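Heads up, the next two complexes both have subunit A, just with different partners, subunit B and then subunit C.
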Partner chain A sequence: MVNKMPALKPFLYERPSSLEQLTALLADHAGMVPGYLSGGTDLLVAMRTGKDSPELVVDLKGLPNLRGINRCEDGKLWIGALATIHSLEVNKTIRSQITLLFEAAQSLGSWQVRNRGTIGGNLANGAPTANTAAPLLALDAEILTWSPVGKRRIPVASFWLGARKTALHTGEIITGVEIPLKQGSSSAYTKLGPRKAMDIAIASAAVVLSLDRGIIQEVRIAMGGAGPTPLRARSAEAYLTGRPALAENLIQAGKLAASESNPRTSTRATREYRLSVIPVLVERSIRSALKRQEGLVEENGGEDR
Partner chain B sequence: MKKTVVLTVNDVKHRETLLHNLTLLEYLRESLGLKGVKEGCGMGDCAACTVLLDEIPVNACLTLAVEADGCRITTIEGLCKDGRMSELQQAFIEHGAVQCGYCSPGMILTAQGLLAENPDPTEPDVRRALEGNLCRCTGYQSIVAAVLDVAGKRIKRKGSWA
Partner chain C sequence: MTKDTLIGKGLLRVDAAEKVTGMAEYTGDLDLAGVLEAEMLTSPYAYARIRSIDVSRALSLDGVIEVMTGNDIKGLYGPMVKDRPVLAQGVVRFAGEPVAAVAATSKQIAKRAVELIDVQYEQLKPVLTHEEALSPTAPLLHEGLMDYEKEITANVIAGTNICNHFKIRKGDVEKGFAESDYVLEETYEVPRNHHVCLETYSVIAQFEKEGTLHLWTCNQSPYVLQRALAALFNMPWNKVRITIPTLGGGFGSRVYPSVEPAIVALAQRSGHKPVRLTLSREQDFYRITNHGCTATIKTGVRKDGTIMARQLVTYWDTGAYADCGPLVVRNSGFTSAGPYRIENVKIDAYCVYTNRPVATAFRGYGIPHVTWAYECHLNRIAHELGLDPLEIRLKNVIQDGDRSHTGEKMVAVGMKDCLEQVAKAANWKPGTKPAVVDLGDGRYRSLGLACSWKGTMRHHATSATVRVLEEGSVEVNCSNVDMGQGSSTIYAQIAAEELGIPVEQVTVRHPDTFITPYDRTTSASRGTFHGGNAVMNAARDAWQQVAVYAAKVFRCHPDDVKAENGLIIDPETGHKYAFGDILNKAVIGGVDVIGRGNSYMEGGTGLDRETGQGANPTSFWMYAAQIVDLEVDTRTGQTTVHKIFAASDVGRAINETNCVQQIHGGVTMGLGIALSEELTFDDKGRILNNNFHDYKIQTCMDVPPIEAILVEVPHPLGPYGAKGLGEAPVGPVAPAVADAVANAAGIWIRRLPMTPERLLEAFRKDGK
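Our next item is the complex of A and B:
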């Protein structure tokens, strides 16, 4: 008991069981900035370290319709905001068709953290290195939100406004994420951290691409830890589109991605270090995604891998 | 501020009126005296405080006690049945997988959660499940061996029944 952590500062805990109750709760406590609690793996750490001290903690786990992973009729995949990171890594559709999100989920925190942490929390936290952020950016996903004034559908590309700043208004919650599922595309996520487990990424690269007879057709590259927000490497994408999948082109794409980055020096790594690893991570992700294209070809009549 | 909740801890129902800012870790250790739940970092980085929440391993330091309303919680104390240790506890002893013992409850409960989800884990499966549980005596090798031993024995037994 010598080094016991200090108790959390007192707060009011509420667990609404409907959006109507949440609306009333927010009205009753107008002027307070609620701390939204889903998995607690970020919020409780922030409260413990004093980075955040909300007077009102609103547990979202009682709200209906925020759980599950379902295919929509329009060919999209809907992931409820309260879906745990572990539920992403064991989901069959994500494993087989959205490999980069599977890889991102699998490499987040520890099993204990993945059992509690949610995709909604990972996004709302706003960290530029959040594991699910770069993959969703590369997937051109949309974030669905709710607030007492209405629902919104935010393209991920306009979700992050700055360092830990998101497009969410005070009181607004994420209800889910929608990901377009595309036939013929493959993907990969590569994360660099001091340890395989537990660590937050120094930098990461997420790639989604499609290939036709050796020519890269469509490619989207997103990077984590390369700037104050997750970033698309648009000049690298433009360069690769229509070019053959040759080593020299991949190397050039990595260089272009680094030139589009503006990382900072933090306790995790220096700006210079990040700039030197970003091309490697981007290149590795492209290579893995390309390798998975062979798998797609094999699945359509080739031998079993 | 307080809230009344019902928590089932090691098969015993507790109706409690708890402070909102009390963590599950603080409740288990201080209110119930279950000192097998260890506080290491207090921030989800070491998993010494792992308990099973509805059979799933979670960090008790990152869970509010009031959040666990209506849930079943298992601590290391709950694995002992009629004074007999569980297979995993016994295997940890046989393999010398315990040195200072501080990480052991978290390790064993995480392994318990793994075997419930995947009764036939490979060595990489075991290492992945335990990757968030820190052991500062570095006994990982024997810990992994103990878990695999329990999994293997279980499977062998199943096989002999078939």
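Our next item is the complex of A and C:
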């Protein structure tokens, strides 16, 4: 029916306060596919329109140890799955050292959505254009999960399996994300949408790179909206590595990135339009990241301020 | 009488505090005992015959009170053509058309009941565009068109899907083209848009025990609704009570009845219980939309830019039912050659039925559509002639004493003033084309210009009463609805001004047809002009009565009595008295005073059906000119608007802040139309983006600084010289944006909205 909101289907609501309780809960309702609720900015919308109708809604907000953003001893940054998008944009480490994640968080939705939405939810929802997805892919992050059968560490590169499909098993939850922090690298995230707020990207590009005397040393490029999952532009990365940071090389990298893309036509944009803008976004992200290399010298060793 | 102290002041809106604190009560907030919740079953098909409807399963659901279909309610309604059934009668003409209505004890039950109704359809091939509808092989969507009751405005053409053909024949366009040095013909398109009221539609109907139909609704024209419902349900007007709580936006989408008749029909069968329907956002998108329009415009000019002749043929997709489409086509039609002196004008405007949702009034009443065509077209002509867009306008714009295209002798024309003042603000010098700034990486920045004019409607009446209560507080009763435009504040200000009291002592009542007197409509930017005149006259009438009482007490002539800050002054002694002291002294036991005021002007004319000529078709005109400063990214098609300069001739600003806010709102709406808003449909006539996720209005992050410029060319008949304002700022935005894009990057866009994808495609075609 075209303009009718379906009646909301009845569902059970549970709010476990420990992983033990969650284990018991899942055992009690074996056979049901739980709908996990954290910020609710995706789940509730899907339930309202009838796109999703879980019989069991499990609210994760009562679980301990899923919040916060902390430096680990091995120099990585741990972000709890329930960390809100807003908490990412105000975190000093993220602002100063993981600029692309800051840019991605800052350009997600609206204040209201950023205050509710969580990084765990943004990833588990599985959208190829999710703001935090391409940055984490470019950062080579790991996704930490829990399920009654045990914990896993999933490299982001193998997290997305297809359109809205992730490596998460039924009942498995994301507990957090670990991001390696590397001295000397700079980054940038560029998102293209028809509006400057409250918009999902038509396409996006995330870049992390390091530079030595004008030569690109290490570079990772990830793209959102360029295919059914967030994608690495590996041939563009290979091309740039060891090459000087010159305009023509950046343009070539953008072209290579587009050739690695396979976007679709959706109500938001056509495949052709996405293919046209991906090289521009990649090129501009690289350029922004390079520009930030200049600032790195002064900021070298700059810790949380 | 009193000093002009309050007129022009930027006073705070009288309803600001209740709105920002959430205390304002909207229709959906009303808590009526025993209220039943309604839901509609709507057609999934744009065009189909209904073979059968089985409601038995829905009726047997616990908590369901009533299930109605087209078999249970006859009668047709519609403001221009009575073509619309309350619930579909054997045929559905658009996807989203109500087929059945349910009342139940909860919304959830009503929704479930709707899912249990079984309708068998026989699908027909829908007619989705005006081209399809005008093809000789197209089905007649309304076979009874000639037999329907209709207003004189609806110049229907037998045997077609055309429910109005509006014409202007002035001079000889062929001769004008022949005498021109340069003739250009182009076609411009505006897609369907949506009004996007913050409040989704909500209505409650109850048959009260004394035989009154009481309707609470977020409609912007209570008396239109009263009369339409009285006719449909065969009731005397004084038994139909329309109460309008706080309104969360209107923009033209709430002038005429839409879902009300079906809810009234449910309420007839509910045993005196109130029945409520509140639409979801997704449903609200289907309730009503803006027209789509295709305009072919041809203009002949001399080398120096003098316009010799102009011809327009416009097609308006009005959807499955006419609603006010024929009037939109007429009222935009007679302005559609633009605010220019042109000797030879020929207009043909066609209002066409299609199998799409119903289109209605939209802030500007068709003027944004025609402004898009005639302003883009003029900018293109200026470019081809090597003239500056400002220069060509200053040369041709209509001025005091000129004749309009219908033959009206124009007065108080602020068009040139608007152009000059906006140009000055943006530092655009006549005769110099705007500079292009190359920002690098494919980005260019420049300016663009456009202007527009708009008539209001005929001299329809608005009445008001102003009651002075004995202790000096004052009540204003007027049925012009404050839907966010701020009319309550204007009325309070005018009443306070005339009575010499502080604004805080005035309360403006919500419209209620049992209390507040007649007003034709809240539309056509007529609230300040007509409502303002009515309130001003009512307040003056009230003051004259107060002055007579005071004169009796002071033993002086009433003309010598004055009031200031809520105190009446004895002209002889200079002593000041409270209103209550005087009224109580004058009449034993005290008295309240009721002043009456009307706004009705003689001399209005219609427009001749064959020539479109008529000397006085509108009470006043509005003028607006805008300059857009934007940057365009030729590599992605994205635009960044840096600033919009927006001049509007308001006649006289009653409330400066309100005027500025109206311009901000209109420009913001125009910017959405320019850049991002478009209802998209699938090939079955269903809306693809009936939600805020996919229908892109401008957010506060997108809207640039807007410099509002209030031009004041006073109108001889307006209250204190005021004209209307609300609609005029919408139209110029899109053509000014297009002009800036053309100046910055050399491409000419003819279809809205100018999305990044559409612009990039244009750059590609242009070889950029």
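The working rule: the second predicted complex is superposed on the first by the 291 of 305 C-alpha atoms of A that agree within 3 Å, B and C clash if a C-alpha of one lies under 4 Å from a C-alpha of the other, contacts with A are read in each partner's own complex, and residues count from 1 in each chain.
In the analysis below, a residue touches a chain if its C-beta (ideal position, glycine included) is under 8 Å from a C-beta of that chain, and two chains touch if they have at least 3 such contacts.
Remember, predicted model here, so these are calculated numbers, not experimental data.
Q: In the superposed arrangement, does A:192 touch subunit B (first), subunit C (second), both or neither?
A: A:192: touches subunit C, not subunit B.
Q: Go through the superposed model and pick first if A:269 touches only subunit B, second if only subunit C, both, or neither.
A: A:269: touches subunit C, not subunit B.
Q: Regarding the shared-chain residue A:277, is it in contact with subunit B (first), subunit C (second), both, or neither?
A: second
Q: Regarding the shared-chain residue A:44, is it in contact with subunit B (first), subunit C (second), both, or neither?
A: Once the two structures are laid over each other on A, A:44 reaches subunit B alone.
Q: Answer with first, second, both or neither: which of subunit B and subunit C does A:8 touch in the superposed model?
A: So A:8 meets both subunit B and subunit C here.
Q: Quick check for you: in the superposed arrangement, does A:225 touch first (subunit B), second (subunit C), both or neither?
A: A:225 sits against neither subunit B nor subunit C.
Q: Jot down the residues of subunit A that show up as touching in both complexes, subunit B in one and subunit C in the other.
A: Shared contact residues on subunit A (touching subunit B in one complex, subunit C in the other): 4-5, 7-8, 49, 110, 196-198.
Q: Could you pull out which subunit C residues touch subunit A in their complex?
A: Residues 39-44, 95-96, 108, 111-112, 114-115, 280, 282-283, 285-286, 441, 635-638, 675-676, 680, 686-690, 692-694, 696, 698-702, 755-757, 760-761, 764.
Q: Would you tell me which residues of subunit A are touching subunit B in their complex?
A: 4-5, 7-13, 15, 37, 39-41, 44-45, 48-49, 57, 59, 61, 109-113, 115-116, 196-198
Q: Quick one: in the complex, what on subunit B touches subunit A?
A: Listed in rising order, the residues of subunit B that touch subunit A are 1, 3, 19-23, 26, 39, 42-45, 47, 50, 56-59, 61-64, 66-67, 110, 113-114, 128-133.
Q: Which residues of subunit A touch subunit C in their complex?
A: The touching residues are 1-8, 49, 110, 192, 194-200, 202, 267-270, 273, 276-277, 280-281, 284.
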